[in-house]
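Each chain gets a letter, A, B, C and D, in the order it is written, and its residues are counted from 1.
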């Protein structure tokens, strides 16, 4: 299976690209796609516990199923909104 | 009437966001503007770069607006968020919400900024005197009910 | 930079009030705009006439700003209030407050509108379908500490 | 003693004027000025319990002393701010 992977912010920098086509033979879930990404780009593993994901512009879970041609995005913890510190 | 949601690299306009919530029945409008601060946790900030997953970020703003309009009767909300390089003092986000009564306007506006920081796929790259760092906050999941409850609790305190 | 306080018969400008709170150190700006509603307690409102004791009203706005800036560190606040005949949907009051952090911006802004309704010598003459009535709220006394505490409590809830 | 009295909103309407010069012989406090006003314009008495006052643009009490030429304002309960109902 082939999916289009989108990466952002520091995760994008660690992998060295923000968009890539990933061959993930036998992959059926987002977790499988992530495993294939980490296999190809071990640096991505830094986000294994903190990233979330989206499939075809819908927030998803690691257990969400993926299909050939899907856009799978991995999202580091977000920090939009105000420029001020959180309080 | 301007768009209720926008992810844009152009400077934000409070007036434009206000126009998006115009309409009958309103008695109060609360707005929130987030600005790039000159300092952050003791660092002298030089500028910020905001990166967005644009189509999902715009969709996420729409989700937040739908949540707020469902929670506060008669509310109309708009949110514009900027991307790219922002200098000190520039606006990164503008929220406006019109409601019949003022308590709801404040609550809905506060709810929106808390939810933005929870779920909208936008990332802040801080360039400060002596280095740069990606700011990382919440793990973004629009379906996380505990996060949503936390935002509601802050808004309605 | 526009004036921090104004009592004026001219239409209010949110941008003008925002300009009055510009300056270094700000990370958040909250604004509140009060609008003339089309309905009030079941009456169809036609228009409102706002009457002010102008010099004391302007002074009262200054008192509220001083109270807020003393209570919330680093806050800068501006308040413009309109007088005369206002049509449905027009802005009667605009408050803006800039603070380093967002929680304070919301609290100070809410405090200001509560205090305005407590102490500022401005009166609303409502012209509705079938009659007219002077709206009367709080007995105005800037030295009433219990009222001030009540406003703080609402703001900081 | 002579003071300049300012009246507003419904109190102004009841008295029929927003500004008047009041002769209040022997008056020393705001309360004395109010009594002289009510003597001249009995309709003002409707606000005896709800009005507040200011002397020379300072919020005052009924016990505040007044001097010849002072501006004494009587304020019905105020209703500035938003056009919306209180909630």
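Just so it is clear, a residue touches a chain if its C-beta (ideal position, glycine included) is under 8 Å from a C-beta of that chain, and two chains touch if they have at least 3 such contacts.
Worth saying up front: this structure is predicted, and the values here are computed from it rather than measured.
Centres computed as Cα averages put subunit B at a distance of 24 Å from subunit C.
The centroid of the Cα atoms in subunit B and the matching centroid in subunit D are 47 Å apart.
Counting partners per residue, subunit D has 82-85 as the residues that reach two or more other chains. Contacts with at least two other chains are made by residues 27-28, 32, 34-37, 100, 102, 113 of subunit C. Taken chain by chain, the contacts fit none of the simple shapes, being neither an open path, a ring, a star, nor a full set of pairwise contacts. Contacting chain pairs in the structure are A-B, A-C, B-C, B-D, C-D.
Of all residues in subunit A, only 6, 8-10, 12-13, 50-52, 54, 57, 59, 61, 73, 75-86 touch subunit B in the complex they form.
Across the complex, subunit C meets subunit B through its residues 14-15, 18, 22, 24-39, 89, 98, 100, 102, 105-106, 109-110, 113, 157.
For subunit A in complex with subunit C, the touching residues are 82-85, 87. By the touch rule above, subunit C contacts subunit A in their complex via residues 27-28, 100-103. Interface residues of subunit B, counted against subunit A in their complex, comprise 32, 34-37, 40-41, 45, 48, 50-53, 55-57, 59, 81, 86, 92-93, 113, 116-125, 134-143.
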